[in-house]
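Next up: the structures, one after another.
One chain, subunit A, appears in both complexes that follow, with subunit B as partner in the first and subunit C in the second.
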Partner chain A sequence: MNMMKVARRMLLAFSLAAQTNGATAAPTAYQLQVDGLACPFCAYGLEKKLGAINGVASLATNVKDGTVTVTMRDGVALDEASARKAVEQAGFSLRSFDAMQSAPQAGGRQ
Partner chain B sequence: MDRKTLRKIVRRGLAAAAVLVAAGWLAFVPSAKEPPYTFITAWGGEGSAPGLFDDPTGIAIAGDEVFVSDARNGRIQVFDLDGRFKRQFGSPGAGPGQLGRPMNLAIRDGELYVAEYFNDRIQVFGLDGQSRRLIGKAGNGPGEFSAPGGVAPDGGLFVADFYNQRIQQLGADGRFERQWGTPGRVGIRAGEFNYPTDVALGPDGALHVADGYNDRIQVFDRNGIFRRKWGGPFAMNVFGPFKGWFATVTGVAVDWHGNVFAADFYNHRIQKFSPEGAFLTSFGTPGSGPGQFDHAIAVAVAGDDTVFAVDFGNDRIEKWRPVGVASRVSFKAGQ
Partner chain C sequence: MMRPRAGAASLALCLSAGAAWSAPITFNTALPVHEGGFVLREQLVFMKNADDPTPARRDMEVTGLVSVLGYGVSRDLALFGMLPYVDQRLDMRMGGQGITRSAAGFGDLTVLARYTAFESNAPGRTLRIAPFVGIKAPTGEDDARDRLGRLPQPVQPGTGSWDVLGGAVLTWQTLEFEIDGQLSYRANREARGFEAGDVMALDGSLQYRLWPRSLGAGVPAFLYGVIEANLVHAAKDRIDGHDDPNSGGTTLFITPGLQYVTRKWIVEAGVRIPVSQNLNGTALGNDYVATVGLRLNF
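Let's turn to the complex of A and B:
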């Protein structure tokens, strides 16, 4: 085995490792800021639409802050376009969409 | 233009504005015709143990029992008329006997009708908690629902189909009969809806609709003909804190006299109207003390005129009586 081959294989191994780490390090939770969440008819409607997105593991709504924390199953990412569509279907506008590096331990009403 | 003339114009303008405000007030803000109700007691508190709630959203009375939707706990809790816990049934889920965000309730002929917001169906229980039948499924076609918020049985049933912006009438077998409103289309004219949240039938069979985000009540006679609407100027989606106005109606109930009670969510109060829609009185102020609400979401009236109201944000039920007939006043904090 010559040196070039060894170098190429090492590069490939590094690349695969980086991809794998990238998958497991994907954000598992996202915080959505939405206006007008005090009414449960609204909050439940939003939870219902977001909960129908593939890969969503759980939702926590904080009606006082107007935020929804969406926790995804391991390795599944939530894209902003899907979140925005669900929010709009529920009759709201998405004010902000932020990825969190780890799922929240507590908070909000499940 | 000199200063004198300018002052004259300003004075006349202010006078005209004052006359307009006074005329608007007289025209659109009615005075109370009855005294407010007296607060009797409250029970509940946040939690999942028996007697506690995690988002109470609906209420109905049968005899000497009070049934309450405990939405996030996925159950119905039953109390006596003084708030003592009797039993509970249901668990979160979508199977028969399970509940997905139960909302406004109704009782007729010994059966409890539950509007299930997450499961897009009406579930009918015996008062003992046995699930008897499921009506409807998800969709926007005839007999289908998108987040039903309330139900009114009359042999058949009427359903407030929240996200479909319509009221549906179904036969006793659950088959579609007719609808008011157009699926998916919000409207502010008579017979149109903006996220209807609840329905109730009067003693004459008139259908009363809590037209949630139009901030009004609409009434249709038993033949389905529009009769009247009220809530703010011209009852056309103008919200406000004044008497007779609403800031999102989330529940409606009609007593045996035909008087109409509405849960005025963002105004933290219950309002009472005559059968013709004239404002009679209101009760409740914002807060968490006795006689206060943190968003009043649902209301029911017992046969002796006692009113039970759901205090959503404080996770409790409040009991009120008309003035002069209250028997006792108490407050069970934290129960």
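Let's turn to the complex of A and C:
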């Protein structure tokens, strides 16, 4: 019985720790508003540049809205300067950079 | 002397400087090539010039595969290399007999640098102006011969001369349409006693999104309807220092076409039709130029 109690307490502790880490970890996704993006062929270079940033797990581009949602690997943050540099190198302009708290469900380039 | 104004030089003229990576079918664009990225373009071109006002009944056909590789040096500077492979044939009557002169091979290499001098971006739209300069190297054969001797210059795959070109292109792109305009000038130089006339061109292109009519999420493929106009003026050729009165002139082309544009590739087709030709002397008129092309992003 004592072993069972210890096991339950350890499980609870892991669960709480995981929830705590989840609350304070870096956001897993970011939404970039990109100016100048107006055709599918242009989106390729933008995605290639953003995808080369360390820690990027996936990208979801929406040409209509001019947005790219960047999902990061767990525990990796995306800084605005890196995102801006990638957008500029692709030939576009970064209008806004917003952190999201969860990864989107929409599919995109992996 | 009656000269067909065709051949590799004219094919290059038809493709202009900008067979480079472009949104228009017949000339350049100011849209970016991402830094460190490549764009490959392959164009299969068939040109027919058979509008001959003389008894020689000249009929010139040129089939060309034009390869263009673009590289993004930086966000503003892109380099392009263009190399055509041409197979050209001239049929005509001489002394009551039909004769054929033909040649095939790689043409002249054109290297072009384009710099984005002005850029204004907004959500779903961009306005850019990019001047460009280039040089054409005489990499193609310019002394090809057959049983009748040296082929006439317009049938040679190469020109033999180092030529320079320059201009500027403007692009206004939105999610619904794109407009491009270009002004270019090519200064041709002499080789083997022949100097092709300088060429000035004013080009315009409208690409309108036909499908999808309304945009959804993601990066959908676009089908564009394309209409282009090219006003091309060629000065008279010079032979051994003298103007050839049967060369040069002004032509207005209209090119309807279609483009299917995806994230990684574009396929396109267009037919360039001369709607007005004001040529000097007996210069051979153009019938049409048909183009199918593929572009790849990598």
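In this section, the second predicted complex is superposed on the first by the 83 of 110 C-alpha atoms of A that agree within 3 Å, B and C clash if a C-alpha of one lies under 4 Å from a C-alpha of the other, contacts with A are read in each partner's own complex, and residues count from 1 in each chain.
Quick note on the criterion: a residue touches a chain if its C-beta (ideal position, glycine included) is under 8 Å from a C-beta of that chain, and two chains touch if they have at least 3 such contacts.
Source: prediction; values computed, not measured.
Colleague: With everything superposed onto subunit A, say whether subunit B and subunit C fit together or clash.
Modeller: After superposition on subunit A, which the two structures share, subunit B runs into subunit C.
Colleague: Looking at the overlay, does A:Gly91 come into contact with subunit B only (first), subunit C only (second), both, or neither?
Modeller: Touch partners of A:Gly91: subunit B and subunit C.
Colleague: One more residue to check, A:Arg73. First (subunit B), second (subunit C), both or neither?
Modeller: Neither: A:Arg73 stays clear of subunit B and subunit C.
Colleague: With both structures placed on chain A, which of the two partners, subunit B or subunit C, ends up touching more residues of subunit A?
Modeller: Comparing touch counts on subunit A for subunit B and subunit C gives C.
Colleague: Which partner does A:Leu46 contact after superposing on A: first (subunit B), second (subunit C), both, neither?
Modeller: A:Leu46 sits against subunit C, while subunit B stays out of touch.
Colleague: Have a look at 97-105, 187-195 or 259-267 and say which bit of subunit C overlaps subunit B after the superposition.
Modeller: Clashes with subunit B appear only in stretch 259-267.
Colleague: Taking the stated contact definition, name every residue in subunit A that is touched by subunit B in one complex and by subunit C in the other, in rising order.
Modeller: Overlap of subunit B and subunit C footprints on subunit A: residues 38-41, 44-45, 48, 91.
Colleague: In the complex of these two chains, what residues of subunit B are touching subunit A?
Modeller: Touching subunit A from subunit B are residues 54-55, 57, 71-72, 101, 103, 117-118, 147, 149, 162-163, 195, 197, 212, 248, 250, 265-266, 295, 297, 312.
Colleague: If we count contacts the way the header does, which residues on subunit A are in touch with subunit B in the complex?
Modeller: The contact residues of subunit A facing subunit B are 38-41, 44-45, 48, 91, 109-110.
Colleague: With touch defined as at the start, can you tell me which subunit C residues reach subunit A in the complex?
Modeller: Within the complex, subunit C contacts subunit A at residues 23, 31-37, 72, 74-75, 116, 119, 121-126, 173-175, 178, 215-222, 261-264, 266, 295, 297.
Colleague: Which bits of subunit A are touching subunit C when the two form their complex?
Modeller: Against subunit C, subunit A makes touches at 33, 35-49, 60-66, 88-93, 95, 106-108.
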